[in-house]
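Each structure below appears as structure tokens.
Each of the next two complexes has subunit A plus one other chain: subunit B in the first, subunit C in the second.
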Partner chain A sequence: MDSEDEFNSSQVSEDEFMMDADSDAEDDYGVDHDDVGFESQHTDIKPAKHAYEVDFKVCSPEDIEAQQARQVADTSSLLEQPPEATAILFRHFRWNKERLIDKYMDNRDAVLEAAGLSEEAASSPPRIEKVPGFVCDICCDEDPEETFAMKCGHRFCVDCYKQYLRTKIKDEGEAARIRCPGDGCNKIVDSKSLNLLITGDLKERYDELLTRTYVDDKENLKWCPAPECVYAIDCKVRDKELMRVVPTVHCDCGHDFCFGCTLDDHQPAPCALVKKWLKKCADDSETANWISAHTKECPKCHSTIEKNGGCNHMTCRKCRHEFCWMCMGIWSEHGTSWYNCNRYEEKSGHEARDAQAKSRQALERYLHYYQRYANHEQSAKLDKDIYLKTEKKMQQLQNTTGMSWIEVQFLDSASQALQQCRRTLKWTYAFAYYLARNNLTQIFEDNQKDLEMAVENLSEMFEKPVDQLQGLKVEMMDKTAYCTKRRIILLDDTAVNLREGMLDLDVIHEREC
Partner chain B sequence: MALPKRIIKETERLMAEPVKGISAVPHEDNLRYFDVTIDGPGQSPYEGGVFKLELFLPDDYPMTPPKIRFLTKIYHPNIDRLGRICLDVLKSNWSPALQIRTILLSIQALLGAPNPDDPLANDVAQKWKEDEKGAIETARQWTEQYAKP
Partner chain C sequence: MLASKRLGKELTKMHENLAPGITKIKCDDFQEWLMDIRVDDNPLYHGEVYRLKFTFSNGYPIEAPEVVFVRDETHPIPIHPHIYSNGIICLDLLDKSGWSPVNNVESVCVALQSMLASNTKNERPPGDEDFVRTNRQRPRDINFVFHDDKV
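So, the complex of A and B:
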């Protein structure tokens, strides 16, 4: 037990140390090497990078703003424009720096004009004015005190303009590309005009939306889809790589998701497969289950038949074939034993059942994978429920026996490992459904089996009475580590094969054909 | 809620200077709800037909576009079975400077120039692309059957 505690405490200090050293970047691992005794263990559990992991960075809202500011500052001097104007140009070009510089160098005036930054606009900044005899096209008020128009000349009263911007910003969530309210006018309302017209909470919302458009425009940035989460993830994986890589990322809020499709983590299955599988399950699984349970096929024409009466003498509506529901054999062989089947394994019945089994194979195959997929999903939920109950009891135990918080953390990590492994297992079944057989499938299935066994073992331990859990601590920690390891092996192996194109997935074929 | 000046003005002008082939009359008990008719444009399969529509001005009109729907059955790739209309100015290209009058003119123009590449009724659009003659004939028959005054 003593050694365990040491292990835990040294890991904590290590983590703290890593966090401190984080700012001076890549060198933390160099520092690790000094910490000899622990280092080897540490890499066993958590090596630097596995084949299934991708590089990514979590960005806070501040990071995102800093990134924008940095890009603007870098380019500002090159374009010889003040930072505000550079930011407008960037937004105009959807943060595509190469295109901006290209076009700008090519035709400076046209670019400035299009972004609403022409010389003329600079010399006569937008302003609110009163125009005698003016009638606003939006509210039909005559001679309003304040009117506004951009360079396009579509003039409206300030109240209507403000109301328009409010609708666009608050209701429609637009920011960088709000167009002039004039009919058919494509001029974008620039930030100078906006600053003149909007204030307070609207301005705040506008700035927030501007930051958002930055993330939306950048191909390497995506918002974490977890509710209320404010972080974005920076990842280099491109859409066209998604058949070969499954880019799972971990947000600082604790949510694991796929950078490709922003669904929950679905390693080892690639996005296209997941999409297809989910669609198939939504369409088919219930129907397939029902068909499998309630119907048989006509032995002659393979029409699907549901038996709705008591008599076993079936006549297929389609091909008029007469057969026996029980043995699937030809009815005429039943002689005079009407309405029941007491014959033992006549040849014709046997053959008919064989043929039936064959034609049902595709259905059964799908159900095989679906049931296992669904089972892991369900089990993960149950595991979690049990853990939550256990956690409560452990708290009581802590109070009565005076165990420290750190000593019961093994349950927490066991539960997390279990959730993670079940999620992986779940997707291995969807993966296997589309996987064409070759030499590597054997290895994949072995890995899948090993992980599944390890997971079931660990899951079983959770069901033990609480008072026994303490005695199981060491074993449980071992099992947790083993599960995690098996998962890594499976994912690593699959990721490598996927990347090398060694696996034959049906979805890939369909996409490429 | 008092009716905004804009709506009053528009209604007055619709009454005083009606557009040829188009009528829009507000309900007495709800001045935001209009009964609309549009004559099928000449040289189109809708020629000779009078199409009924309903039009409603939502609370935030003119910041948001009016809601318009065909009540008369019509065979057109951009109008579906429920009479809903796929037209850019009724959605993303709406501008508060547009009016009931201009929108109804746009709809009349849409009848004269169907756009099967941006369909709402997929089956109709499909037919329009594969067999334009046949589609136009069907549209003519529907006009004859459903849109005769």
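So, the complex of A and C:
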């Protein structure tokens, strides 16, 4: 028997693989691991640059297999078990090394029994055989040609066994913990038996699932949720920290997502806030529906205005009145210190006396934030549409005027910055909705305002005629850099305050079960 | 294929003999069977006849059947902390993690009889009303957290 078949990674990489089970296993036991010397081996992890960034590492499928193989190899000698048995033990203990070693040292026989590795397991390899007079308890066939049983003695015909395994693997997505089909039998179908019974695509799926189980079992690993992406992310942020940290990670496939909840990047809003906000929006979708309308009336001449770009600066075609799409206020006031399009003003003058007035006020407040949240989401799409059109026109221009490719790259950078900033802005409105007023709220709103103004200024440039864009290159690059800078300032400030517990967010702190 | 072969064999065996308190009511296709059970040794259920509906997929018995109590004028839904008032049963034997293909219609009936026989609580599961009002899932798609000590 080839022992490498058992554990599906045949190449135990010699180059040191630094991710180790030890660190997180210790976390589970509440042990402070600052003093563990080899922790400093995490050399591959990109150092955090800003307060809002977290350390993480992108793992390829090969990395993940190598990690598993390395842990198995390390532990195998300690347990005095061959690698394939060690791998089974690891899976049985959901890759919690500390617990495995603890229990194993405590009661070796019980652990082996529970993992389906009884004493004599190694002595005689499993095989398919014909047993005269045998009746299969699954299909009730008498005298089947081929039968199979593991050490537990629960014998079935090979066809039934195979169909059972196919159902478990294909339909139920099980791999590491498939049990014997016998009633009440807890014996795990080991890989040697599996190799005897499954082939081809099923074997491939099985191996794939084994790798998946490893990532699913480890608290520090998560799959990138992008469709078809094969990478996993290694990040040390734990569930209990998620009220104070928003761990956005960047996969090598290009997808930015939150390690906490695996939704798209939602900085600066913590996961629990995002969950609550999205639920609220879904519950109130009818009330808020009218807002997403593409058309509004010009506040001056009442002709219909359609929004077809990301920019909020609207100019009425008929009367040339310039106004803000969001607050319908005069646009000229938006570039000055008067700008307060982002801030919700509590109407203190007429205090809500009855319940109806109170609920109307609550709705108004919600709509203020929802409108801006939804607008950035929509504007991001419109920005992108405009960029794609512009890029196409620029390419045509390039072909006719002989401009070099690199000269239009600034448009791409601007577009990407816009997308990123609008995503951040969008979540600042959900954030502000739940943010209790204190002396830091002003700073948050100022940061929000500064970023929003920068974004609208950049967004507006995309509406300039294409033949002027080349001449605006420097200005556009400056505006792009400024947007990015404002975004970093906002995220940095918020991340620091969040971490220090300086911001009071009205979201449920404990996790729901 | 497997399901019809297996159910055919079960039917033949049930013609010969069936455990006490179990009656087959309607078993004329390989999709849906009706079975009646009685549990006379527990005063909570004495004298009542309970009707069970078995629904089989093509993957039976590799896949568990869907089993629910059904109510009509003469058949109530038994009161039990693991049986919802709409007839849905929370029993690990019927869940994919607890099902073994060695089980069959008769052994499920026997298991439900013994589940009722050993019960002393005259009550519905916690949250019964909410569950019955809101649940639109088929029993096999529900992720029950088993209240029992055994896994």
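By our rule, the second predicted complex is superposed on the first by the 386 of 513 C-alpha atoms of A that agree within 3 Å, B and C clash if a C-alpha of one lies under 4 Å from a C-alpha of the other, contacts with A are read in each partner's own complex, and residues count from 1 in each chain.
Note that a contact is a pair of C-beta atoms (placed from the backbone, for glycine too) under 8 Å apart; a residue touches a chain by one contact, two chains touch by 3 or more.
The model shown is predicted, which means the values in this text are computed figures rather than measured ones.
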Subunit C versus subunit B on the shared subunit A, clash or fit after superposition: clash
Which of subunit B and subunit C A:Thr213 touches, first, second, both or neither: neither
First, second, both or neither for A:Thr441, with subunit B first and subunit C second: neither
First (subunit B), second (subunit C), both or neither touched by A:Gln398: neither
Residues on subunit A lying within both footprints (that of subunit B and that of subunit C): 137-140, 154, 160, 163-164, 167, 181-185
Subunit B-touching residues of subunit A, taken from the complex the two chains share: 137-141, 154, 156, 160, 163-164, 167, 181-185
Residues of subunit C touching subunit A in the complex: 2, 5-6, 9-10, 59, 61-63, 96, 100-103
Interfacial residue positions of subunit B with respect to subunit A in the complex: 4-6, 8-10, 60, 62-64, 93, 95-98, 102
Interface residues, subunit A side, partner subunit C - complex: 137-140, 154, 160, 163-164, 167, 171-172, 181-185
